């Protein structure tokens, strides 16, 4: 019966949520100056000055990270590829619309209307990123309905936290070490803690990769890695700021990659490399440079940050994750604590220290772009650094508190989440074909014949054809 | 013997077509103002004003959609991945060259020469898109020679139709709901109708996906989905127009995705999701916003369009496609009627209505970019809307009539198309390896051992090694 | 014991190299004018004039080619996907950092400091491309430590050669037909010759593809193909030059693709197409237009070059590679001689001829961008052409001589390269899972059960779990 409810819920929640979104957009959302035909043509500016040309290429790179990057990174599981890439698609498409409203409510409200353009699109994708990080923590153990409910609450809390940090505290966090990575990771970790499954070992055999699923995951890894410079620089100030941020991220990631390969071979059995490390830890350099990337960190500083992030991340996968699972009952499917949690905190600390060390000697006229409050003498660098540190604490508080509440909401037995014996399994949500349909070729169709053993765990018999 | 002919035809047609293209380019094609060293340096414009910087990023996104998007979307078939991505590559590489000439003949002829630059490259890729849509309808049932012949005729008819719509009727269709999607879909559907195979059920077992082929197809889906905002905005006017078009498409697609997931779970057996819907219907929002995307449709309007497109498309896959196949004998392999046909018509209607509703109150000085004929008072909005509607009728006429003629040309028994028993099968066109070569590892090589049963359907014995 | 050494070397070399790089960056590297907050804000220029906006989209495309393009192109081997994409990732991340220093030392040294920005990032990625080409020649037969040592030397020699060509001889080579492709290919070919393995046939069964590995490789092929116009135009002069280069490359590649399909079907058994040709030879058009792409070659000329490149490349795969292997003992895993070697030489020759034919009549005011030495009358076109030809000879000399020395360095028996019986095999470097872990699903886990036969060739027993 729970099954039946779930299967009736998903269509309803998708269609109803979308209709609500459409109505809210109709009431609240308007084109901004750069997207409105009338407003844009009122001024005398050249068409070439439209913000589209200075943000849209970065937006597209971020967009690829959200849909292909996160989506394929999570296809590493042997029998959860459809769900990884498919649910990623679903909750991202929902979150970016909901985030437009939530972020617009806090940041872009003009005369009762939310004004949108390419910058709000990037920010909506950023907020979506945080939701997808949390998705990584609960991957394989949650129904799509649960994920949509989680996304609804998380986007809201993300927007509040972002508002406190960027607007109230005046913190800087262009690449989201705090707002996106720390928030998304710890939110997700608390949710997965609340949803702890004591008998998850019954699905353990499916909680692993096969040869080709690891290659699919590398598609996700590489698109995240390559486009991370665009991610961190997407909403920084124009000119030297975007340029510098992209370059700092580029060197941080390169440095992190060598640290990851080194540490993976150092810690792994027989000195062999572990795909899990390469797929994940090599990205920690992008996370850890998220706050300080726009600052005058120098390539030298960026490489140190990336190096430390790679080391921390591999050690986390190797030693901390098993500990968290066995002692703290945190079942973190994708290891988001190692990729987003710890490197996010590292990034926040590096940002606070770099901000505190900022001087006019170093930044010159560029101070107003990076630290506007310091340039306007509303505060000094040291206070900026302190507020950056406070921002980290606020973020952790919001993530842990929010995750706790949302976790209990998600624990209600109404969403039809999979039982402990059928986690990490596509066939309960997706048509994966009957043996008849796929039988053309002996071996290729074999995987589908082996679906049958799973059916015995299900509340309903296999479909007759 | 037919087999032998086909196998001699393919090299000949590739090489001869390319030599003809080279000669025609030599006679007819010149650099335009922005690509010619001498012409560009005659003026006093800044290098930064070269159109390259305002079109090329969009061009690259479109390029990815054509080669990776369409190519991988069609790899869903279990034994037709090489052909899907390979023939897509071949006919796209041919079509973009041929389209440069055909479109240049109709649109860019200056003193007997065709002038080319990044905008003509985008338009050539667009025309190629229409051919690839038709390819989707006949996928698995046609030889590469047949496909090249189809491309040759279709590019020509596409260019004539585009000329009638954009130049003679003054219609607006920046994202090609009519010129690309409606034309490509109905052209391909008539071709596949003429090429009807009554005994195709003998290949039915191969007309389906396997687990990993569905994941490969998702690569295509996501790159199409992510870059569709670039597609629709690639050739609109600079400034607010490109910006607005990209944003409208972004929200249309997001809305369409939730509608698709909702409808897929609603209509499918057991409430499970169907990969075919996710791979295809989630893209219908991009198709349906192709005409009106540049207009002041508002995000609200865009989301309604996307929502309807997703619903129509899933219902088409579920109920209409089986009907078309059984009653109208239209064997539409990829379901292009659901992804491109109906959503394309929807897009044309939305465009006509939105155009008819355009007022100076809304568009201000931007009217001249979106509706130049209305801005110049050559016609009023209502007439513009009417001409948009007429354009849809013209497009359908050209597609149906053209498809009929080309279908009969392709029916000639000279192209060596596969017999009904070996459709959807790579091994008749591609070296897929002998058992000996691939034997390193028992299971991985197994698929190749199972090729042998297919050989018995072939007119020639397996290769000796 | 050698095994043990290798397995201790890899972590050490990764971590130590990265620490050395960090120190050198700390001592030598600074932000350039466009990335430094103070310097940039000293002038009065608009933020929109920052070079970021005119180079970064091209940089991102090049970046995708290096990591996804090269990485996935080499996943065609059935049991070497992890190593292909993983080692590609490792040596690219190292090489781009090392290249920043080496190229900076030769080209960007200002007052004892190397100044960096987006253009140096593109050049670093370019140099990395040469290393990855050489990697293709030795793929499957070298340990990661060996590859890092090779990269260290090759980057150095690349930078010297580039300095001789571009700075001393004043040659033009924007897309690197000589500096990247010819150098990388012949360097790698000599290295693989020195590392000749007489008993490599014992691993021959693994030196081939399987169905899905060929599809993964097509991801690499297509991203290389699509973004090659960005590669060749990434560092040319702004304005018409970048625009023209991208367009010439676009048409060269399209023409090359038809030539490749034609020649593949013409030369292959039964007229079937060979995936190896499609994956590789279709790219030769991008290589061969690397030098002349920025010149006024015309689309007509570009298509001829692409056509010839495709033909040469397929013939190379079909007839020359087996000859090189059997007679000259050059075991060229990826056939880099056919994709980069011969087309690179063709590109150099086309560049020399096109340069010699340059006149002010054709180039007008654009002469100063394409041939600054001719525009300043420091030399005439004919001499420019001659110096281009000399550059090819210098490049071949540097590649052959350098490859010889580095080959012998790599032959030292200290790097733990795999024995002849276990080449082209991931499981010696990567955790590919024990049968227990992957057993969830009968068939999908089967590949891992079949690892066992390989263990008998290894110097150590399989891990106990």
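Every chain is named by a letter (A, B and C) in the order it is written, and numbering of its residues begins at 1.
Going forward, a contact is a pair of C-beta atoms (placed from the backbone, for glycine too) under 8 Å apart; a residue touches a chain by one contact, two chains touch by 3 or more.
Keep in mind the model is a prediction, meaning the values are calculated, not measured.
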Superposition rotation for chain A onto chain C, Cα-based, multiple of 5°: 120
Residue-number overlap at the chain A/chain B interface, same or different (half cut): different
Between chain A and chain B, centroid-to-centroid distance (C-alpha), Å: 32
Contacts with two or more other chains, residues of chain B listed in rising order: 48, 53, 57, 212, 219, 443, 447
Of all residues in chain A, those that touch chain B in their complex: 6-8, 10-15, 17-19, 21-22, 25-26, 29-31, 34-42, 47-48, 50-53, 56-57, 60, 63-64, 67-68, 71-72, 75, 81-82, 85-86, 89-90, 93-94, 96-97, 116-118, 121, 144, 212, 216, 219, 428-433, 437-445, 447-448, 460, 463
Touching residues on chain B, where the partner in the complex is chain A: 48-49, 53-54, 57, 61, 78-79, 205-206, 208-212, 214-215, 218-219, 222-223, 225-227, 229-230, 237-244, 246-247, 250-251, 253-255, 257-259, 261-263, 265-266, 268-275, 278, 282, 296, 298-300, 303-304, 307, 362-367, 369-370, 443, 446-447, 450
